[in-house]
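One chain, chain A, appears in both complexes that follow, with chain B as partner in the first and chain C in the second.
Let's turn to the complex of A and B:
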């Protein structure tokens, strides 16, 4: 903990880190000073002139974000002069704004709208023509982002994001004064790994993502805490959904992991969650009930006399993998293994965190939880191991159970499917129709990560919880449910078990989980923020909840 | 020699060599006694006859105040640079502000074009005093001729050993670079100048930190105006007492270049002791053009509040004198307006300048300057509305006094506020001429012309 200083905000006294500015001190005291250009993840520029406050001993009104605090400083946000100053800035910002909230995606999570509604003048005093920006309206400036300069308030958050976070510098002020526009440098596109975050930081609807435009009014969205499954970095996200449809992913602040950001690859995977194609268990080509399917599995496994291979998955929670390891490995003596694809590099900026590459956290695996699966007692397979042996034909288990049909890109390879198919009974859990699903003797319909809850262990060894956005469609189950039901068949598990009770059960034995609390901030992370432009900045970083598992040293080196 | 008249008993200082044949050349400068002070300093450096403290004390004792606009005491500014042991090994930079773009200002240009070595000598002395190893002249982009003359002078000074390594055996190493800006008024604001010199957009920085502590490339930096730095040379030539002897009082000292423009018989740069009365200055200029009556004066560039004829009747033209009249001496750009001047039109014209030159960072300035200009343009077109004058004043008051990062915005409102309050009847006359319809719904949408051009050029969109 750095040194602290005592300041007074509107009569309330608070202790804040002595490197805070007055705006942050106000926040710490529970007073949110309206602002636009201030963003906790970006440098201070003091340009928007919205966060005006009075400070005792300073003759002039001051932009609070530009004032470093001192011990004993007295800040007043609620004075006539401070209100007048902020109202004035609002007036200036609105005289050229198109006020097209009814057709603007930002409406409902727009800082301009919020600050206009909570403060500002009730009337407009301008009768001059509003500024127009022909050629700079609703224009693609990159793969994901559309810009509309009529709405821009020149806060430079997006410019600073591209300079300071991605260090790609695509955006700039062009022209000057009232003619200022924010645009890409000539001939360049907004094209970087985190470009969607530029739309997040934009406090207004000047930058929006093509993927989310006109999809859903922001105020309808339900927000569920989750963790990105794109790679093992495990960026904290909010799954934003409505009426059982996922509309977008927005980063959730985690100072130790993804800070305020997520990469485009992870962000734009949200649509995959809406792709549920299988709704009923199928046994040998016939739709059937869960009871029949479970009986078929039990019969096959019992008959196989331990000659069973169960494929867990680095895409499933530690809890699910643990149940699989307990049931099939510990009690039934089967081989329980997982493999994980080494994918493209995905990364997120975090200047402060113990990233594996200076300033960045990098992930190379195409799944979020290989460390958790391993900790749960599932064997990490690869070039050697049971699956490898099956693929080379040296091992021929009587029963193969694939807990996640999307466990690897291999699952789409006809040669691999043919090898798995050689098992006497092939049991597959899947959301989607696929060649592997079609080849299964027993096909079990499962939901997606957003239909489940549990924990993942990220590249840093940090245990992170993801929550269930909504339960799977009728009849469809999660793998955790399937395993508790199956476990009951052997008299081992209870169908009332939940991810939480499994978590509590397995804590005693799973490395790195000892003493963890399902509800602790370290596991759950921060709450989804009301607006991507107003991230919940955790002033205190969540306590380290790490597994103590070694981070993959060779990754990224 | 300078043919411009000077007050009786006053010997020109900065302008003494203006207009003289070959005045820009080193040989001529040396023949007139140039670089004598620099040689003295260099010679006395090793022996300790000259120390930074000694030079700074001389500058302090002279009472020299910055000629760039704010009139800040130069010696005091220099003491804000942290001592060597607190700089963490960082160098100190001296930047000469030669961006001269305040409307009505054209004095620095004359120094640079006519007698560049006086500036270089002043900068060398200042560099020695401030432990500067590399000094820069940031010169306004449009002033091509100045840059050429300066570059020639710098080359001559290097060749003569006045600049470079171990100057005249003193152990002092000083380099000097002339850097051309791209012609933005705001780059005259010292922190915008610093950003621009660093190769970035000319955006003023938030202060603190002040340049003396963290300026260009995060190093301690002193920014001074051309005339200020040139004055340092004359202080060393003639001593602080001589400097102080000129001027109205202790706080307003030295010779001063006044840029007089507008309705006078002979506009131009006039040198006079600091604090010359406005009417005496007017007399030097041959009086009002065509013998017309004086109506108003802008005493310190477009950023200064307009003064009425009555206010300037007995006004000493120095920092405190003009400040007492609630305006400012600024860059001493004196714009004289006779009885035929249409003040609302003049104010509108000035407001156009500020709307054009705002850097665009701060909301009140970026949005306020064009708003003022749009309203004023509408007013003088005869489309004003009853409440416009009050609204103009209210908006102006919302733009100054800490509402923005730099004082550009304060400058932009000074002519509007002073114009309307002092010449309200003229503005109201426009209102009474106003045409009927009271709303602007039918007005065509304003198209930012440059944006439109860019689209036409096919660069964007």
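Let's turn to the complex of A and C:
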């Protein structure tokens, strides 16, 4: 942080970086000035004229986002003049807004709604027909985004997003004045790797994602802190779910990783979490109990002496991989290895990212935690690893344990399955019915990443915690539970262990984990924001409090 | 012509379409002729950034092809390293870029206050009638004339004023309309 300046907001004194603007100073003081076009990740344009405040010494009220602060500045947000200006802006915006909140997906996380509630007139003074946009309503403008110009308030956030963040510029103002629309060039789609974020930044319901449209009212959603598992970048996300169904992923702000964004690939993987297909342990084709399954595993592993190959996974938490390494590697002397697919490049824009292309943080591995798995003591398998030897037939372990049936794209290859099947006992943990699951002697039903907590280590070596959205369905367990229960069989672990206790158990010995605190902000990241259109611009909790209480009282009186 | 890329435009009774938003296609890829390209390259030397040269480059495009088609936008965007959507946004902001093919003579009738008082609307209607009952903005069947209405041409002393392409014509009335049209070859 550079130099700071002292600013007074509504009588409260606050120190802010001297390159802030007045709106940011107000946020820092805990006063949220109503706004639409200001977004902490985008440039300042002063487009919406909503964030009007009075500043001592300035003759006119000013759009606070466009005013650079200076030391000793006195900002007043709660004056009659400021309220009058903001109320006028709201009234202008609402002249042509369809007010179709009951059928609008943005309702509940809409800045226009919020600002209409916290300020503005309680009743409309117009009765004229509202502006219509024939042909520009509820229209696909890209693979993931649907546009409805009747709701647009021309804040230009989406346009700036496409210009500044993705640098693709698909969107632009077309026409001018009262006819202005935000649209793509004829014949071209809004098609970039972060296009879902254009719908995120939209403060109203003009841009919405197809995937989330009409799925769930925003206010019903429970938000759980998590980390994207799409690649090794480890974007911070909120898993938004209700009644044990995951509805969407929304980026969580992390200035060091994904800023305010996530890529479409990661965002639209949310539906995979709802695909739980296996619910009971199966031993040699027969559904059974966990006790029997564990006995079968113990018997097979004991019989095999040390001739066991355990496949950990870069898709599992460091804690789970550590348990596997401790139990099978250290205690039983087996091979514990993981492989990771080097897949397509996925990337996210970060203003401060160092390395790679300036501004982009890139991930090539198709798993979130290869660094964590390695740190936990699981061997990174490659061309010369144990799995490679099994596939070429030079190694034939008596028992193979696959901790994650989706450990690699190879798991769907019939030749690979046939090679793994050559083991005397093949033990597979899986959520879904697959050829590998069908080939297993012992099949264990497991939950997904949202059913457990744990930590991942991303491409920068950053340890990040993800939380449990909801526990797995009855009988189904997480890999961590399976391993603690198995460990108990050998008198090693405690079945009451959670990811947190494993974390505390292992952190002294795992490289990069020493001294880390499970609850520290660095691990946890920021809280999920109430609306994707209103991200926090700081790691701490969002600014509390609002404005315009007089208008609220007016409604009530 | 109005309508998003994927949906046919649904006209709602009582609501006129909000302008012609989408860029029409001319059906083939376009590229500046070497002479036009030379002029554009010269333009670029006179502006600090390529984006700054957008308006004059669009003029060159209009001079070259008569109107700004989707392909013209694509080419201008490529030459100036801009996003096509941005270029089209600029085209639609201004009124003097033609977004559909126009006749050889683009006859622009001023109907602002001075010309209005001198019955510019009457002359405008008469002119369209004589050219074959053209609607405003329509092009005559022989492709020679397009008649439109514009705002003030700054020739109030010579009302009703008319501009044909880039040339001014003064005091065009119903009486001298025939000789005016006859003069346009």
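Basically, the second predicted complex is superposed on the first by the 537 of 557 C-alpha atoms of A that agree within 3 Å, B and C clash if a C-alpha of one lies under 4 Å from a C-alpha of the other, contacts with A are read in each partner's own complex, and residues count from 1 in each chain.
Following the convention adopted for this analysis, a residue touches a chain if its C-beta (ideal position, glycine included) is under 8 Å from a C-beta of that chain, and two chains touch if they have at least 3 such contacts.
A quick note: this is a predicted structure, and the numbers were derived from the prediction, not measured.
Asker: First (chain B), second (chain C), both or neither: which does A:186 touch?
Answerer: In the superposed model, A:186 contacts both chain B and chain C.
Asker: Contact-wise, after the overlay, does A:92 reach chain B, chain C, both or neither (first, second, both, neither)?
Answerer: first
Asker: Taking the superposition on A as described, I'd like to know which of chain B and chain C A:176 touches: first, second, both or neither.
Answerer: The answer is both, since A:176 touches chain B and chain C.
Asker: Check whether A:168 is in contact with chain B, with chain C, with both or with neither, and answer first, second, both or neither.
Answerer: second
Asker: What is the contact status of A:135 with respect to chain B (first) and chain C (second): first, second, both, or neither?
Answerer: In the superposed model, A:135 contacts both chain B and chain C.
Asker: After lining up the shared chain so the two structures overlap, which partner does A:62 touch, if you call chain B first and chain C second: first, second, both or neither?
Answerer: In the superposition, A:62 touches chain B alone.
Asker: Taking the superposition on A as described, I'd like to know which of chain B and chain C A:49 touches: first, second, both or neither.
Answerer: It touches chain B, and chain C stays clear.
Asker: Could you let me know whether more residues of chain A are touched by chain B or by chain C?
Answerer: Partner touching more chain A residues in the overlay: B.
Asker: A:154 contacts which: chain B (first), chain C (second), both, neither?
Answerer: A:154: touches chain B, not chain C.
Asker: In the superposed view, which residues of chain A touch chain B and also chain C?
Answerer: Touching chain B and chain C on chain A: residues 129, 131-136, 139, 172-173, 175-176, 179, 181, 183, 186.
Asker: Under the touch definition given earlier, write down the residues of chain C that touch chain A in their complex.
Answerer: Interface residues on chain C, with respect to chain A: 2-12, 14-15, 17-19, 21-25, 70, 73, 82-89, 92-93.
Asker: In the complex of these two chains, what residues of chain B are touching chain A?
Answerer: 184, 201, 206, 208, 355-371, 374-375, 378, 385, 391, 398, 401-405, 439-440, 443-448, 450-452, 454-455, 459-461
Asker: In the complex, go through chain A and note every residue touching chain B.
Answerer: Those in contact with chain B are residues 44-50, 52, 60-63, 66, 68, 85, 88-89, 91-93, 95-96, 125-136, 139, 153-154, 156, 172-173, 175-181, 183, 186.
Asker: In their shared complex, at which residues does chain A touch chain C?
Answerer: 129, 131-141, 147, 162-163, 168-176, 179, 181, 183-189
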